[in-house]
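Encoded as structure tokens, here's the structure I'll be asking about.
Chain naming follows the written order as A, B, C and D, and within any one chain the residues start at number 1.
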């Protein structure tokens, strides 16, 4: 672990402290803008905003438990190709960082043009719940209460989104800098840890006071991860049971209306246009009629299970489990549960973890002469 | 008798081409590629101290004395199977015979002693027109100056006698092959 | 009236007492396996009639969505057969196929599609008997495994 | 009308096929003939080839203009627009001179009509003859009417007349009347018998009464001539030598004047007790008559049992065989070689090796057949005879090679590597349990990657290599073999093996004398075609070239390079004598653009083949096909494979004017070439037409009996008690299943055609007809000359100040040629050649572009920069003698390398007579970890120097320390010469390496002589090291041209066997030492082969890509780059300034990997678009097998 610094929190307002931190980043000549969650006027919750003028930082609230969309794709558009516009600092949740790393492996963005700042992610409420949580609308006490829960935050019985409750990548260690929240007295100070050489450079440049991790963060994190892994196992078991054969799978996906929202929200589905929207799947009338005659009846629109299975084949090895697919689904199809379960097994099969290491090539872009002999019965 | 040849160290003679008799034999086996077929096909190889292949090797290295000390070429009973199978078409059996001649001419007393058997045999055939075993044995034992030798051959002789293989004496063919031997001597003289 | 269905019996009740005949789609590479298939065909090694060969230029071209499409479209099993590693006319097409089938073998069996319904194998150009044996044993295995349950699903 | 061809290639093994393809792709018409009834030569019997242990023949097929040739496995057959293949044909005469040869060919009839034979196999079932099958190397029997090779398409049966017992059962059994013995022509095949012998005139009519030949016995020659003059249609004349001598000769001459192609057979009475000289007189007369045109001799007295079959077969030969002549510009002989047969005598070795008497003793070819799935044991390694699985296998090298007594003082160069491969194959087949042992003298692994292949076999796979020569092979316990051998230290060893494989060498083909006589070429003393060292592709006759292993036994890589060089020689000869190809290449046929039209499919079913009507419910099939989407008409065509059948198809097509044509017939590969004609007639792109095989489907589930549905329907009806002919009712003979299968096959093909992309191909890229050759050594200059002589401009770039490179250091060759003078002539020719522009002291700075359109910038010494546009690039950067800094090399005067010794001997600075002893050490720092390859030239270099030293001072003792002497091919003869001259060869292994010290400036070498297991100490004057060959530094050139290098720095060619001088990147070729260590002869060959590969591109005005090529739909592409990394040919690149991914149509081979890597089909493969494949899958599944449909 790189060097650790401390962000001072004055009058028990960590949000203001982080706004100050962003201002110091902007003050540094190299960073031209900060991409950070900014509170929306009115209905509460935050949306990513590209802030160039430090004055506009006042509404930035990275700690608010609102996660309307995965900002990874935004960041790829800011960092594509050669370094034109100078460095962009991005305050992202761990799943957003890992999604961005996966996209960089596919030449969609580049790690050189950005400073990734992540944090101990306490989780976030679903879009519906986050609108009702006062903490998202500037109620500092509610927010502090949420943060003190170290990732188990809830308000009047409503817990954080299921994706967050089953997420075991809560620390954002893949980013350049990580803001330490778990086990900290958030009213007085936050930790800032550097994970990469670039992070080290910024810490020294920012001149924040030295700090040391007294292990409280580690133990809090350990406890949280143990809990989350348990809920994750439960989720996997539940989903596997719910989709153990094709009939169950079709009922599992029966509410799907092929609106492909889950694909639009998914950060690692990088295609400009999904193949299911291209002319490949514009079937002729006689095709529909012959399928219908063959089966007796045909649910319309077709290619629903086909779409989900193909999407699983395309991106299950890159899924970071951010939960935005379920978030975006208008008909509450438990897409996140299905994709997180399958992603776990495919990534284990290829000993690959999405977003873990920018240098690790995605499984289907690398081929070796001798592997998986069991597939062909040992035939060489 | 197992191959008891003990490893020797030697420095190959610098100019190997002065000694004509050696050169004559060397030229017969110079193209040997050490494939080992001769050793493998020789029925008497089990009894030889130097395998034929090693002998050709030493010959080419010019180790004349070591070759003459070995028993290998004496044990060759000219069955020609090595010559038949040599992939380089070398006259191996002729080379063995040449070595016998060389050993008889230049070899030390032991070699000359071994040559005695052949000389007496030929002498007996020349005189009697055929081999007279009794006469031949007497001359041979006399020439060997070794009183114990007849005792060794005793039991063998009795068995041969029982089978009527020993021709006791007197034959109508005396001197009949004289002109043949004379012709051969004149030819050898000329070659 | 254009009509893809070509068997009038398709709607009617199946012939009484007719045993289950599996429908198998085989993606075969144009070079080695197709030659073996021709060899098996011309030298009369009896093959089960319900295997349909789809000729691809190389197994490296078999996209996972074709295999999913076949299985959802009512195929009881999918066979992918290409050249032995090292024989590939395009150098390394078969290595790619192996990884893609490995990926599908991790996904589809979790939804009740038996992993034996997807088979990847290498067949050389002169292995006509090998190809026939593979196809016959695969068809028998699937016949005993029974029809795939996606055929009745209205949901494609 | 006499057919005209650019070149005639004799022999259609891989050498012949390679030469034919190399010529055909430059636009020349080629006639490819082979004496066998099948294509592929010995390679049809080999399924695994070293060093990759895999097949790979199809990589020989052309990469550009792919659609002009067949695009399927070569074992099935070969088709190319410019190649006509004549099988079962031999060359009988070659007159004329280069540019205008008249080649007379004789095609032995196979008595089977290819258009009728559907290879159902009924004839073979009834044929009583059993003969050892050549395809299975004698391990399995075959019948007289047989299938020569199982894989070939079209696969016709062939009647082997010599073994046919003339029982005519096959003729009766053939359902399609394909077998034709021309019985009806017997009655007008008149035979005149001119003989005074009454006994004959009485016996013959009796004997031949049921053969119904009209016989005309005449007592004298005159009567016979009168009959002929009287207009008798005579086919054969028997002329008895007992007639007066003059009369016989006059009759023969007159008869041949009357009937030039009359067959005259001489009746010669060879009575046993006849006096000796009387026979000689007869023989001389017979010889004279032969010269006049007599065909054969028949010994009297005649015996019926022998005369009748003889005459039958002669009749069939005379009537069915045909002789024709072709006019060709050049001839390439590629008759290859035959494996030495230990069983033949006089020089067989069957007695020694128990070959033929013990089932466990096999030749390497027989082992190959045993391991092949189409072999007698379907690929199971079991012993023929008792079928015991082979567990302990021994290989014995040099059987029939390196054996003066068997007239084989040469090394066949491939048997060592074949044995290692077979050992690895046996190990792999038995998952490692098999024990493999190889008995050898010198393990000749002198190819670039072969040493690593042997090390892997020895160290990882555990193959035992024993340097010994077993002498007696004895039958061991329970059918095994007992092998006795003396190991190196002289101990007798005995081991039991399950099988012994004899690594048989190469022998000239049996028909070699006839072929040499016919082609007028000389043969060297080993029986192979004589070629000279410095013009290795030419035979002794101008205009006739030697390809493949015809000149010298060679492995596949050597044959391919030799074939390429022969093709270059022929192509240059044709161009020189015919002048540059003036006639413009036939204009690309322009096709109407149907992309706007709605797809209209015309489906033609060939309804004449017997199985279709009988086994399938034909009208149900037609009715189903009619309602398929897009199908506008279903027509029946009678015998689509014949000319008339094809014309009815064309008329139907012209009537319905479809924009898609689908033909259901048998043997699709025969029709695919015809689609091109149909396309021109209909002005419809052949890519929009397809042929699908319905014949095999019509036989599915039915052995071979032709009872068909009709017979079965009758039996079914009878079974159910109805009278025959009643309504067809349900019948379970599988007819419905076959109808389903056939309709689904047709539906699938129609679905694929429906989705075919009618838009035109990307327009062809013009080719700049100039070549760039990098490197001006022997290889570069030869390649440049090869291209320049064919009329193309060449730019030759050389780094040094003058041309020549490594070859300038050579002074003499083993064969006694003078390389220095050869190099001077070559340099002079290159500098004077108008087509070659030489840039000395200049380097390539930048190169971009693709095959046909390269742009390269070359910077010359004076700082000038030339930009060159060229269509092909040849990298000939060469290599040098490896630098060795040990044992005082370069430090002491008494230590030299072989090259320095050669130069000093030639210059006289080393006086051999003053020397007292010379020691040489081979494989110095070669074949070890840092440089783990055999440098191939140092052994021959050492022999050269030994022979030169011994010539000048015969008494000089020369000692050579070696690991394996690598003198392959005819160089073995010089190894024998070197030993005969007195050099002593001492073997060492890497761990008993000779040690060298120096005492008063003289080397002292101590080493172990393994034969005597004695320490030797040598005090020579001179120590000569063989340091081996290293490539020049070509890393920079390699990445300039986008090609890769092996870990030793040589060029990594596309495929080490089948494309030895190409790179994966099309348009760039390599030759010379840069590719791998090579002697001057091999460098010349690889340079000429590379030149021909370059001319292949330059000879096209424009290069159009194949029909199956990748395209990019740019709007969908998110530039993720996965398709770029997945493409094996580097045909895709990210165009940075236009920020687009672009496909190079020429490099793309249509493998489709990019399509499967792209998630949203932004890249599509023409002919295999996603919609098409999915439609095919739907069509395949739409036809539910009846039973399962309703589930």
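Points to keep in mind about this one:
By definition in this document, contacts are C-beta pairs under 8 Å (C-beta built on N, C-alpha and C of every residue); 3 or more make two chains touch, one makes a residue touch a chain.
This is a predicted model, so every value here is computed, not measured.
This structure's chain pair with the greatest number of C-beta contacts is C-D.
Ranked by distance of CA centroids from subunit A, the top chain is B. The mean-CA centres of subunit A and subunit C are about 39 angstrom from one another, to the nearest whole unit. Averaged C-alpha coordinates put the centre of subunit B at 56 Å from the centre of subunit D.
Chain geometry summary: the mean Cα position of subunit A and that of subunit D are 59 Å apart.
Here the CA centre of subunit B is 78 Å from the CA centre of subunit C. Residues of subunit A in contact with two or more other chains: 275, 286-287, 290-291, 294, 314, 364, 380. In subunit C, the positions touching at least two other chains are 2-5, 10-11, 64-65, 69, 74, 84, 86, 92, 96, 100, 151-152.
The part of subunit D that touches subunit A in the complex is made up of residues 428, 629, 1115-1122, 1125-1126, 1139, 1157, 1159-1162, 1169-1171, 1174-1175, 1178, 1182, 1184.
Subunit B contributes residues 3, 5, 7-12, 14-17, 26, 30-37, 39-41, 45-46, 51, 53-54, 57-58, 60-61, 85-89 to its touches with subunit D in the complex. Contacts from subunit D toward subunit C in the complex involve residues 47, 52-56, 58-59, 71-73, 75-76, 119, 121, 150-151, 153, 155, 372-374, 378-379, 624-625, 627-630, 693, 696-697, 699-701, 703-704, 730, 734, 737-738, 740-741, 743-745, 747-748, 1064, 1108, 1126, 1128-1129, 1149-1153, 1155-1157, 1165, 1168, 1170, 1173-1174, 1176-1191. Of all residues in subunit A, only 81, 106-108, 270-275, 278-280, 284, 286-287, 290-291, 294, 314-315, 364-365, 380 touch subunit D in the complex they form. Only residues 2-5, 10-11, 64-65, 68-69, 72, 74, 84-86, 92, 95-96, 98-108, 110-113, 120-122, 148-156 of subunit C touch subunit A when the two sit together in their complex.
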